[in-house]
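These are the structures, in structure tokens.
First chain A sits with chain B, and in the next complex the same chain sits with chain C.
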Partner chain A sequence: MAAPQSRAAGGQWHKHLLLSPPLAFFAAFALFPLGFTIYVSLSNWSITGEHRFIGFGNYATILASDTFRQSFLNTVIFAVVTVLLQYVLGLTLALLVYRSTRGQSALRLLLLVPMMFTPVVVGFVWKTMFDPSYGPISWLFDLVGLPQVPWFSEQLPAMTAIVIADVWQWTPFMFLILFAALRSLPTAPLEAAMVDGASGRRLLFDHLLPMLLPASMTAILLRSIEAFKLFDVVYLMTGGGPGVKTSTVTLSAYFTGLRSGDLGTAAAMTTMLLIVVLIATLVLLRLLIWAGRRRSRTDDAALQVERDDVADLTDTVDSPVTTEVR
Partner chain B sequence: METLTVTGVSKTFGGPRPAIADLSFTLGGGEFGVVVGPSGAGKTTLLNMIAGLVSPDTGEITLNGGSLAAVVPERRDIAMVFENYALYPHLSVRRNLEFPLRAPVRRGQLSRSQIAARVAEVAETLRIPHLLDRLPSQLSGGQRQRVSLGRALVRRPRLLLLDEPITHLDAKLRHEMRTELKRIQRELGVTTLYATPDQSDALALADLVVVLDAGRAWQVGSAADVYERPANVTVARTLGDPRINLLQGRRDATGVTVLGQRFDAGQGPPGPVTVGIRPGDVELSTQPVLGAVAGRVLLSQTLGYQDVVYVDVAGATVRATAPAGIAARPGSPAWVRLPAARLHVFETATGRALRHREVV
Partner chain C sequence: MRTAGWGRRAVLFVWVLFALFPVYWTLITAFKQQVDIYDGPRFIPFVDFEPTLQAWRTLFGDGGGDFLGKFANSVVFSGVSSLLAVILGGFAAYGLARYRYKYGPYRNDDLSFLIVSQRIMPPIVSVLALYVVFVNLRLLDTAFGMILAYTAMNLPLTVYLLRTFFEAIPVEVEHAAALDGYPQWQRLLRVVFPLAAPGLAAAFLLSFFFAWNDFLFSLMLTFNDAQTLPLYITSLNAQSQPLWWLISAVGLVALVPPAIVTVVLDRFMARQVLIGGMR
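Then we have the complex of A and B:
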């Protein structure tokens, strides 16, 4: 009994030693930049290099700034709206495609195309699409007799255009994950549900979607982290305009830090964003673990169950000898 | 009580061999039918077709005279226990058991407390009340199987389909559950079709046995029918444990010769035949006996209450049961006698039965 335990402890020690190089890399490439950013955010570091520690001054400045508050609000709106739309659309497409037998692979490839463009191209393409004078969308609106929309000169249309571009690009990602998850779901519980009297919508909402929950949470988590960092498409389509009405935190930090040279304030902005992303991630991760636990079977639970079996099925006469073994 | 009829049903999944070929049988109202056959025989396919999950290529399935062809699975009111449990992974055991009662097609038929009472009752019967709040992932195989049984028994279906419902249980529990199943079925009076690879399930439970192999029904009849009067070699081979001896023999105008001995077996065309005899009907002796052929013991297995002895007789292996503790060591001589009245005779070319053993 004692021997394996001490060997296990020795193994732990070795494990730590073997893990140290990657841990060192992690420290150098992840923790150092993080610490550095936080330090910069607490200083008045300018692009010319001179700096002094000033405490939370930068944070006070940005929290008081209308521009930053607008950017922050926009970031949250963009993240929530785009991820939700992408999820709903991706799920719908996956549900439509996964059972079709003919032309499935061609359709799948076609659906993935938007994801293969670089965001720069996506931004440029959609800026052209929405262009009020020569864009195809304006032309289409004209054709069907809809009034002209000032796509880039008012806040709501501009944000809508950005959302459309981002949803266009990233729905395929959701589709891909959900499609793969759907294909790997066991079909038997769904057949059982049919025999038990469920159909159509009930089958979808009572069984298919709950069984898809872990995959959904994973896809939403991955997309959310990215969505909070939205930059390229906004930068190319509106540049944050009109004014700062479509600006995001990353855009704001870029303009403050690299255009105006105020690195300290920019670092404070990215740190704020990091904190929000961190909180959102933790919440989603919690949900994901909770969703995953409903399906995975831990060894502990299995052991517990086997012993229960002995308890409730064996007569008292032939008492189990196996309890000795533990 | 609903009568199930299956008429000329076939199903091919695109392979060269049909999964079910021209299958017909009738299961009377309230009867317990058992489909017995090895893995791959087509049992699951048959049950899926009756449940409506697979549509037959040809033929018709009716329940109480009404064709099921145009009825979707959720409206057939058939309960099914699936081969691999098919529990709802995201629902607790309690919710799994409740689901059939809460399903849209039965909404409003039972009150909340009636549902709870039904669930409690079925959980008690299956000895799973302490598991009600667990998720399927937290159950052992046997427990999952009981939950899946419970989900089928919780409502009063027109027809109950059981796809190998107790094969994953350990031997002791399997016997208990078998008895319990039969009792529940009698009580509910529900017409039941039960698929199993285990011939002893068939003999113990069935009012009607369908012997299925390679998609064909080789015989449909009562347990006594298929055991005592197998219509062909396949049926004889499927039922009985230890398995029936099948020995090469020859038939002449008035009798059959097997293991160098000749038996009177009535009139018939001469030719090669397969002679079948149940191990329990073989008389085994460690001493020379009149009318017995000499052989050598190959192997002796004890089943506790009796031994199964494998004897090599002139190149053929004969299985015989003997009282436990008989001195039959491998290599020792043994004498085997085949009582003429106990022989089954099958035509070798077709496998068709020519003569059955006489029942005492």
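Then we have the complex of A and C:
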């Protein structure tokens, strides 16, 4: 949506100057590395610099490797589970805080605190929290008589611990976006529905959630893109262990590339990750566009409802809501 | 609806407890000594354990290694790269908002999307290649290299965010300034940028937040001189017994800049400045 601006054709050379730095950075830090990575993934490049083109050998190797398949599966599981949990919890919190009349802004800031922690610190904090011998969670389990959970020595508990840490840190982000969206909604259709006698549940599912759909999709898209990059918290809490049972693609690529010096295989891993992220992003973008269209339809429908209700309201003269609706 | 009030408060209370307990835990751990940590959990200062300033003395004294140096690195890299990202991103966003571009099939919206799409790419994809490039250009473990990397990381965000801000400023304002005899670059600096000040501030703060939190770039592209705070924190993770009291203390220090960012951004959100692109 360029704002049309009439100008002499010769006087616009500087517009290219304005755009050149980001395009140069784009070329140097995204396009070139991407091309380079794809090339490296087709070679047996080692960190010492020797390399030879070997075609799709690295891809065949990683697809046959249990380690990679485990990391890949974990990355997808982490992304789906954490984003869904964060969305449901973030939405619940946004609705609850929205309806709190007292101390709303203080509550909002309190809820945002986990997001302020540096991810590295989040990893460490939750590592002490779950520590089997001196962590408060084991202590609590003891206190209420629950059996001790081997948090970091078995796969399912270790994945759960990572999910909890990630949900702790990023639910506030979902909350932040959904709360802002909630506040920017027009109140008229909701009030109209309330006048109609819609129950809380119907209000939520028929009116609020459809109206929140575009903001929800945006929040889910932004979080999903980040979730596929999951690295810091896993690196610090479990190091991918026990074995490689909680590893992610980023973690595997880091260990393979920099620790073992096998850049070719690592590049193939990251290329696979990129393909999955691109597919997920495209699907979510499609959904976002669909949600936007649906939203504008429901808005129209809501406006129609509102008009009908105003007509109804002219009968019930004493209704205190009348003024608010109009 | 009356009865629902209690349920609502209970859920909120449980969540706040869940959200804030780890914060409290970090806070008290920063004032514990070794024995108070490894002897099982102790919760209440002065009752369970005697608080000590040991961690803080170590950190700011001789035993802290290069804590202040890494802290300074984090502040300088995040600050300078965010400033660069806002200035360069600001100019580009202004261009995209005011002029028509056509590079082959790419027009304004495509260029915008192309630039912002960089954020979709997982950093691990580019960082392996950047490692090789940095080695060859001797940028590995340098302040310059890290500032370049963080600027590249944040530019897509600032361009995308600021474009909506500039589009909201009426062209007439600039025409008026032109009639007053301001040349082009002065109109930009004296009229347009000041009008978009809240957007520029928000873009700066968000950029700072991302650069401050980065771990992967720092892990891959630095090894000593240019290490940042997250790297310093991981260095405290000795194999057998992590230095939890030091880790917690540094964690609290590292919390300060993002906390300021969040509080300021929350004010912006409250004024609906950022919502434009989200609805």
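To be clear about the criterion, the second predicted complex is superposed on the first by the 267 of 326 C-alpha atoms of A that agree within 3 Å, B and C clash if a C-alpha of one lies under 4 Å from a C-alpha of the other, contacts with A are read in each partner's own complex, and residues count from 1 in each chain.
The working rule: a contact is a pair of C-beta atoms (placed from the backbone, for glycine too) under 8 Å apart; a residue touches a chain by one contact, two chains touch by 3 or more.
This structure is a prediction, so every number in the text was calculated from the model and none was measured.
Q: Just checking: does A:Phe29 make contact with chain B only, chain C only, both, or neither of them? Give me first, second, both or neither.
A: Only chain C is touched by A:Phe29; chain B is not.
Q: After lining up the shared chain so the two structures overlap, which partner does A:Phe56 touch, if you call chain B first and chain C second: first, second, both or neither?
A: Neither: A:Phe56 stays clear of chain B and chain C.
Q: Identify the partner contact of A:Trp290: answer first if only chain B is touched, second if only chain C is, both if each is, neither if none is.
A: Once the two structures are laid over each other on A, A:Trp290 reaches no partner at all.
Q: For A:Thr281, is the partner it touches chain B (first), chain C (second), both, or none of the two (neither)?
A: A:Thr281 contacts chain C only, not chain B.
Q: Now for A:Leu213: first (chain B), second (chain C), both, or neither, which partner does it touch?
A: A:Leu213 contacts chain B only, not chain C.
Q: Check whether A:Leu18 is in contact with chain B, with chain C, with both or with neither, and answer first, second, both or neither.
A: second
Q: Once the two complexes are aligned on chain A, which partner has more residues of chain A within touching range, chain B or chain C?
A: C
Q: Going by the contact rule set out at the top, does A:Val195 touch chain B (first), chain C (second), both, or neither?
A: Once the two structures are laid over each other on A, A:Val195 reaches chain B alone.
Q: Should A:Leu111 be classified as contacting the first partner (chain B), the second (chain C), both, or neither?
A: A:Leu111: touches chain C, not chain B.
Q: Look at A:Phe205 in the shared chain and tell me whether it touches chain B only, chain C only, both, or neither; answer first, second, both or neither.
A: So A:Phe205 meets neither chain B nor chain C here.
Q: Across the complex, what residues on chain A touch chain C?
A: Per the touch definition, chain A meets chain C at residues 1-5, 12, 14-15, 18-19, 21-23, 25-26, 28-30, 32-34, 36-37, 40, 89, 92-93, 96-97, 99-100, 105, 107-121, 124-129, 133-136, 139, 168, 172, 176-177, 180-181, 183-184, 200, 214-215, 218, 225, 228-229, 231-232, 235-236, 249-250, 253-254, 257-258, 263, 266-267, 270-271, 273-274, 277-278, 281.
Q: Sort out for me which residues of chain A touch chain B in the complex.
A: The contact residues of chain A facing chain B are 186, 188-189, 191-199, 202, 206-207, 210-211, 213, 294-297, 301-302, 304-306, 308-309, 312-313.
Q: Provide the residue numbers of chain B that touch chain A in the complex, in ascending order.
A: Residue positions touching the partner: 48, 51-53, 72-80, 82, 84-91, 99-100, 103-106, 127, 130, 135, 137-140, 142-143, 151, 172-173.
Q: Which stretch or stretches of chain C touch chain A in the complex?
A: Contact set of chain C toward chain A: 1, 4, 8, 11-12, 15-16, 18-23, 25-26, 29, 37-41, 43, 88-89, 91-92, 94-101, 107-109, 111, 114-115, 118-133, 148-149, 151-153, 155-156, 159, 167, 171, 184, 212-213, 215-216, 219-220, 229-230, 233-234, 237, 242, 244, 247-248, 250-251, 254-255, 258-259, 261-263, 266, 269-270, 272, 274-275, 278-279.
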